[in-house]
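Notes follow once the structure below has been shown.
Labels run A, B and C following the written order; every chain starts at residue 1.
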Amino acid sequence: MSVSLSGVGLTHANGKVALNEIDLRVKLGERVAIIGPSGAGKTSLLRLLASNLQPSSGQIQLLGQQPWQLSAGKRQQLRARIGLIHQTPPLPPRQRVVTAVLAGKLGQWSLGKSLLNLLHPLDMPGAQAALARLDLADKLFERCDQLSGGQLQRVGIARVLYQAPELILADEPVSAMDPVLAGHTLSVLNEEVSRRGMTLLASLHAVELALAHFPRIIGVREGRIVFDLPPAAISVNALDALYANEQLQAVPASAVPAPVSVQIPRC
Amino acid sequence: MKPAADKRLGNYALLLALLVTVVASFRFLGIDLGALIGGDSLSQMGRYAGNFFSPDFSVPHLRAIGHGALETLAMSAIGTLLAALFGLLLALPAAGRFGWLALSGSRFLLNALRAIPELVWAALVVLAAGLGPNAGTLALALHTTGVLGRLFAEALENTPDEPAEAIRLSGGGHVAAFCYGTLPAIWPQLIAYSLYRWENNIRMASVLGFVGAGGLGQMLYVSLSLFQQAQAATVILAMLILVLGVDAFSGWARQRWVSA
Amino acid sequence: MLNPPLRDPAALPRLALTLLAVLLLWPGLTLSELNLAVLFEQQNAANMGGFLAEFWPPAHDREFLRLLARATLETLAIATAGMALALLIAIPGALLASRALSLSAVHRGGRPAWWAQALRWPVRGLLIVLRSVPEIVWALLFVRAVGLGPTAGVLAIAITYSGMLGKVYAEIFESVDPRPSRALLIAGSPRLAAFAYGVLPNAAAEMLSYTVYRWECAIRASVVMGFVGAGGLGQQIDLSLRMFAGGEVASMLLTFLLLVLLADQLSRLLRARLL
């Protein structure tokens, strides 16, 4: 069992209930899409699975271990086996793409190797191979602030592919790409995941993409799982119910790094 | 209408107060500008200044100045470098990374280091460590650590922590997360601050010699004490060149590495 | 897949930079005779510790406090008088160095003739020299010329800060909207009138703000200048240091801190009001 949640609830510090009584089992090698209106709790669920948030109630088990019962050191070791793809990859604007990708393996490298890699990239072929899968091999030595939002998202995916975790969690991984590129990127991600026997959970805004690329779809609304079905079994009515009354919302802005401003005191 | 008139009245009062303060300052200090300009004190000053317009360019003196200038440059550069190092080390706790106890402790230390001017530090270190450039370097490093530490801490606080958080989430250690997530975002600022401080320190390094801390200042002090205006003029010229040179280099380096 | 050997384009510059840094650092370390250990040597640490132990309690007898108050007032007065004199030099200097009032620029689309620019350069050079020699060097020179005491400090501040203020004023004049002054110049008004009616209204707030800010710096500077005998708090600190009077040094440093803090607050207040 790759992921297992039983009775998991999450209440934010401000008292807002984000997730309620979630029961979910994902087997090794499964590929699951999470869909639902914005604010439904998709991101919270993924952050919970990434052990970024601690559940307020219930049991959570990742790769056979309970992250919140481990010591901090053991938890870091567990986290090294889980990869999280962020919607807007948090990459320092001035970092080079090669460094950003190689940073995926920091959880597996010794401190000395990590620091040495900062001075000179130690595994350039590895980083290039990961980027080449996403058609970004030519961007290897560019700086992150020279990339567009969609390119940054692909760098984020390349970083997780390079990390080679057992479980990949993806939070809106293709939201800043045009539909064609989004579809292509998702199929690349799916191919890699199945080829290497990883487990994949991805939240997606575009329902068509989810239905086209994933064998198992979970619908989330108001912090609860509404349905958990293969795509063929999902009716139009179910989707309408899932997205009922959704506020029309602009596509999330792509990650535009803020320009570095240096103000210098004069006296 | 009324508030504007009030403000205008207030401004006039402020101006009057400023004028009164200036006049009172001159009265308090007993400076008689008329006497300073009129009479033969001006011609005396002129004669004194005239001595500076024939700088001593003899080879042994120039060699001595060359050594002094290099010493000054080294003092300022090494002092700034040390300060950047210790400043970063102290900025980490001062930005609240190790709890509030470390935070208030390091803030207090930084403020104390910063509050005492370089020249006072130099006088203190000369007492403790003896005459020479080492004292000057340490004095610069001590004061600058306080200044840079505070600036670095501010830079750290204003840096988004998501990149470092992401590294932690993929299993990286604290040091790796700092080096890969935080450092790339702040190092241009660190460099800009250090360069700016270096510009300041080259000026300070060239005068720390007045209290016996080596460099060009010591030469200037000695030659002025011996009424060797010609030699002093050359030293001042060297200081000018050094200051302008460092300013130019620092400006170029900022262009090259910071705002690119 | 064809895979040409990858080479990091940044590797060579990085290597060169590192080598250069090491090459420069090595003579730097020997020249500066850096030795952190002296701070922790038994003898030195004991000396220093004894001196620092005297810092508490700070000296506070009546006589000393009177002296302290006088020195503090003197420091404030030096800064204020020095700034006043600096303004007298800086404003004409800025007017001469700035392109904002160029007559030849009016009919050349804002660019002055080459000879007009050439005439401005000596003034600029003078301002650069004035501000690039550290104020404490000026102070030392004036102490030799006019004797120990606050006069030297005032003159040193006047000289250095006129250079700084002159440069910044000239930049401010050039940064404001040039159209009003140009219109006046074309209409035949004299340059000073064009400055007073066309430039000053837009530049005044920024100039005042910068002046107040520099006044705050002048206070710090005047304390430091006392070390070469230019009066004020610095001179007293120097004397007490030479006499190893820890308590006196402590109370004077405290006063200095207080002064800097107050000047900081006052300057913030004034600037908030002026802008």
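Annotations for the structure displayed:
Operating definition for what follows: contacts are C-beta pairs under 8 Å (C-beta built on N, C-alpha and C of every residue); 3 or more make two chains touch, one makes a residue touch a chain.
Note that the coordinates shown come from a computational prediction; the quantities given were computed from them, not determined experimentally.
Viewed as a network of touching protein chains, the structure reduces to a complete graph with every chain in contact with every other. When each chain is reduced to the mean of its CA atoms, the one lying nearest the mean of all protein CA atoms is B. A comparison of the A-C and B-C interfaces places the larger number of contacting C-beta pairs at B-C.
Ranking every chain by how far its Cα centroid lies from the centroid of chain A, the top place goes to C.
Computed centre separation for the pair chain A/chain B is 47 angstrom, with centres defined by C-alpha atoms. Work out the mean CA point of chain A and of chain C, and you get 52 Å between them.
Each chain gets a centre from the mean of its Cα atoms; for chain B and chain C, those two points are 10 Å apart.
For chain C, the set of residues that touch two or more other chains comprises 220. Touching two or more other chains at once is no residue of chain A.
Interface residues of chain A facing chain C in the complex, by the touch rule stated above, are 96, 98, 119-121, 124-125, 128, 132, 140-141, 266-267.
Chain contact summary for the complex, chain B toward chain A: residues 151, 160, 162-163, 165-173, 175-177, 179-182, 184-185, 187-189, 192-193, 196, 258-259.
Touching chain B in their complex are the following residues of chain A: 50-52, 76-84, 86, 89-95, 99, 103-104, 106-109, 111, 114-115, 118, 160, 163, 165, 260, 262, 264-265.
Residues of chain C touching chain A in their complex: 1, 3, 6, 8-11, 14, 213, 216-217, 220.
In the complex of the two chains, the chain C residues touching chain B come out as 24-25, 27-29, 31-36, 38-39, 44-45, 47-48, 51, 73-74, 76-78, 80-81, 84, 128-129, 132-134, 136-137, 140-141, 144-146, 150-151, 154, 220, 223-224, 227-228, 231, 234, 237-238, 241, 253, 256-257, 260, 270, 273.
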